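Next, two complexes with chain A in common: one pairs it with chain B, the other with chain C.
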Partner chain A sequence: MTPLEILKDLTDRFKQDIVGVFEKSPKRIYIEIKKEALVRVVLHVFRELGARFNTASGVDVRDHMEMLYHFTFDKIDAVFTFRIKLDKSNLEIDSLTPYFEGANWIERETTEVLGITFKNHPDMRRLLLPEDWPEGVYPLRRDYKEWDKNAIRDRGV
Partner chain B sequence: MNLKQKALLKSLWVFHMSTGSCNNCDIEIIDCLTPRHDIERFGMVLVGSIKHADVLLVTGSVTRKCIPRIKRIYEQMPKPGFVVAMGECSLSRGMYINSYNCPLPLDKVIPVDVYVPGCPPRPEAMIAGIVKLIEKIKATSEGKK
Partner chain C sequence: MAKTIVPIGPYHPLQEEPEFFSLMVEGERVVDIDVQIGYNHRGIEKISEMKNFDQSTFAVERICGICSTSHPFAYTRAVEDIIQAEVPLRAQYIRTIIAEGERVHSHLLWLGLAGHFLGYNTVFMWAWKLREEILDVMEILSGNRNNYAMFKPGGVRRDIKAEDIPVVLKKLDSIVPTLTMIKKAVMDDPVLQARTKNVGVLTKEKAIDYCALGPTARSSGIAIDVRKDSPYEAYDKVEWDMIVLKNGDVFDKVVLRILETFESIRILRQCLKNLPGGKIDMQITDIPPGEGIGTHEAPRGESFHYVLSDGTNRPARHKIRAPTFMNMPTYKATVVGETISDAAIILAAIDPCYCCTERMAVRDTKGKMLYNGEGLVKLSQEKTEKIREKLGRC
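== the complex of A and B ==
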């Protein structure tokens, strides 16, 4: 199978779920999908097409947020990315951890640094931030402000 | 200078702690131990436990999670002990000075005796820093006497 054949299969099968397709290069394809369709598209790619879940990334692009799920087809050297735009007023998305364990830690990290909540995540504890970090402060958001009064931000010279 | 201090000067044992370093400084520490620079001629050796060490060598910008841990390690160090801050990150946090995760430089967390600047410092710079440390120990012990 070539990347274009996979893309054609996906666009035929999920015609009503796909918002847009962006081919950055023949081996690097971005597909924007609807939020409700995440689990069924991803599970088809993961289980039927045999892709490997590489990682997920969350981006704050000022007027909205994005979740990107990267899937690798190792045999044909292609990477497919599923992009979901999230409105800042409703940062909620379905969790993929019930289906494969690889999504567990990246979803926990995304929750604490960007404040995106994952529905049905079985074990939503803190992963990387320290215990005394205040609730509701998300360090990788664009509007993050310094909260620690004791922090020193000059070099002392 | 009593016997204990004389023995200390002949063989400073070093415990290396990485507090979120990028591993570049850590590689340079390994470089120091190779025959070209041969830091063992000063009697130095890297040890695996802070309880055997005289020198705590810190690399990396001190992260929030690391602050209580490095305090605990400093408390466990047998005294007299010395702290060497190595690399720009532990001196002033370098490029991570505005990071949410690096609120304090190392010398606001534990007292530091010798600073070795550089990103990463060359092995020669580290040897110079260590010689300065030995001179400092000598000067303080003679001053006390």
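== the complex of A and C ==
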């Protein structure tokens, strides 16, 4: 299958769930999907189409948050990115860890650096930040200002 | 039988990334493992958002001391993906040369340490002596033994001089006979086979489930390599083979890395001989708003960078995923069920920052120390010694 055939398959199969498609280039395709559709779309891509889960990027875009799930189709040389927009008042999204192990660490990391929580994640401990890091402070958010106050070496960066 | 927890780590001055492992053992068997990372979390994703696009190249170069070029490589490709640019041909070849030279030195470094863990200090000495040759090559080409600072969005910063090429080719030729000798020694040695065959097996299904990458996946029969699957720079302009093995045990991981080193030398030779002329930099002046994904096959697997630009001179978001982030959780599938004397080499087999295994300490349930890190390496070496005696070899 070519990337465009996969895209057509996805848009036909998940017509209700897809909000928009953006083809950056034949190798890089971004698909925005609805939040509730995450698990069924992703599992179809991972299990049926045989893509490799690459990683997920959480982005704070000031008025909302985004989760981007990057899937690589190695044999046809394409990266499909599934974008989910999250309202800042409800930062909860379904976890993928119960379905495959590869999503475990990145979800733990995203939770602590951005404050997005993953429903049904089996092991929600901290991954990168130290244990004495204050609760509710998320370093990759736009409104993060702690480094101003606390860390002298970070001043003037 | 009572369970005992074996803590490993977290700090050692030699390793670049400290990790903390808790091995749950029953007698000699490992029944569960938990990995804690983050001791060296420097927040480079955040730092990168405070630097401009050119400076970020050097910030990400500091992520890893051994595969220092893989992150700038993936990052510059991500920035070039935003503007859909293709760098000049000469720059593509120079990038390939630097990346492959790095792979040779990284694999040799790993091979030496793996030999040390198994009690083969001769392999350690030979491999690291050989590694000096390739570090000399890198010094001739870039001016640095590590952290080459050759990359920039749109090209490379430094040209390769024509008079250096014969010197470098001669050095590469001098590596091959010794490497062939090491390869033969590893493949034919019954002791080494007894220590590593069917030890720490990562099955294909598990490798897919954990989304393993690079040599870890390739030794389990998954044929993925960004250089082949999504050819970039000069990788489709030279002849080389992707090495795929199927057993997924420690032995296959050793052999795979040795064979890959030969392929890298093959790529290096062809690139140096066919180095085209022309510019080395396309002078990118403006990064428009948009997002880009850049990948590069680092020595340990695919490293992945996502860069979001909002039209200013800084990345609005820079997501970095290093290969070990996906490979390290596979411990759960490989170490469990094995004996504690094999734990050191299994943990080392995915090529993480293995030096932490020297900080192992085995305690019994009352907290009395049974083994420390040195003791565990010794335990592993003694096991080799015993097999040697049994096979009647010295």
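In this text, the second predicted complex is superposed on the first by the 148 of 157 C-alpha atoms of A that agree within 3 Å, B and C clash if a C-alpha of one lies under 4 Å from a C-alpha of the other, contacts with A are read in each partner's own complex, and residues count from 1 in each chain.
In this text, contacts are C-beta pairs under 8 Å (C-beta built on N, C-alpha and C of every residue); 3 or more make two chains touch, one makes a residue touch a chain.
Computed from a predicted model, the values in this text were never measured in an experiment.
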Is A:70 contacted by the first partner chain B, the second partner chain C, both or neither? second
Quick one: classify A:20 as touching chain B (first), chain C (second), both or neither. neither
Using the superposition on chain A described above, determine whether A:54 touches chain B (first), chain C (second), both, or neither. second
Looking only at chain A, is it chain B or chain C that touches more of its residues? C
Using the touch definition from the top, say if A:139 reaches chain B (first), chain C (second), both or neither. both
Where on chain A do chain B and chain C both make contact? 129-130, 139
Could you list, by residue number, the parts of chain B that touch chain A in their complex? 64-65, 92, 97-98, 100-101, 103-105, 108
Contact footprint of chain A on chain C as seen in their complex: 36-38, 41, 43, 45-47, 50, 81, 84, 208-211, 224, 229-230, 290-293, 295, 302, 304, 306, 308, 316-317, 319, 321, 325-326, 328-329, 332
Show which residues of chain A lie in contact with chain B when the two form their complex. 129-130, 132-133, 139, 144, 146, 148, 150-156
Tell me, which parts of chain A touch chain C in their complex? 24-25, 27-28, 30, 52-55, 57, 59-61, 68, 70, 72, 74-75, 77, 79, 81, 100-102, 104-106, 113, 126-130, 139-140, 157
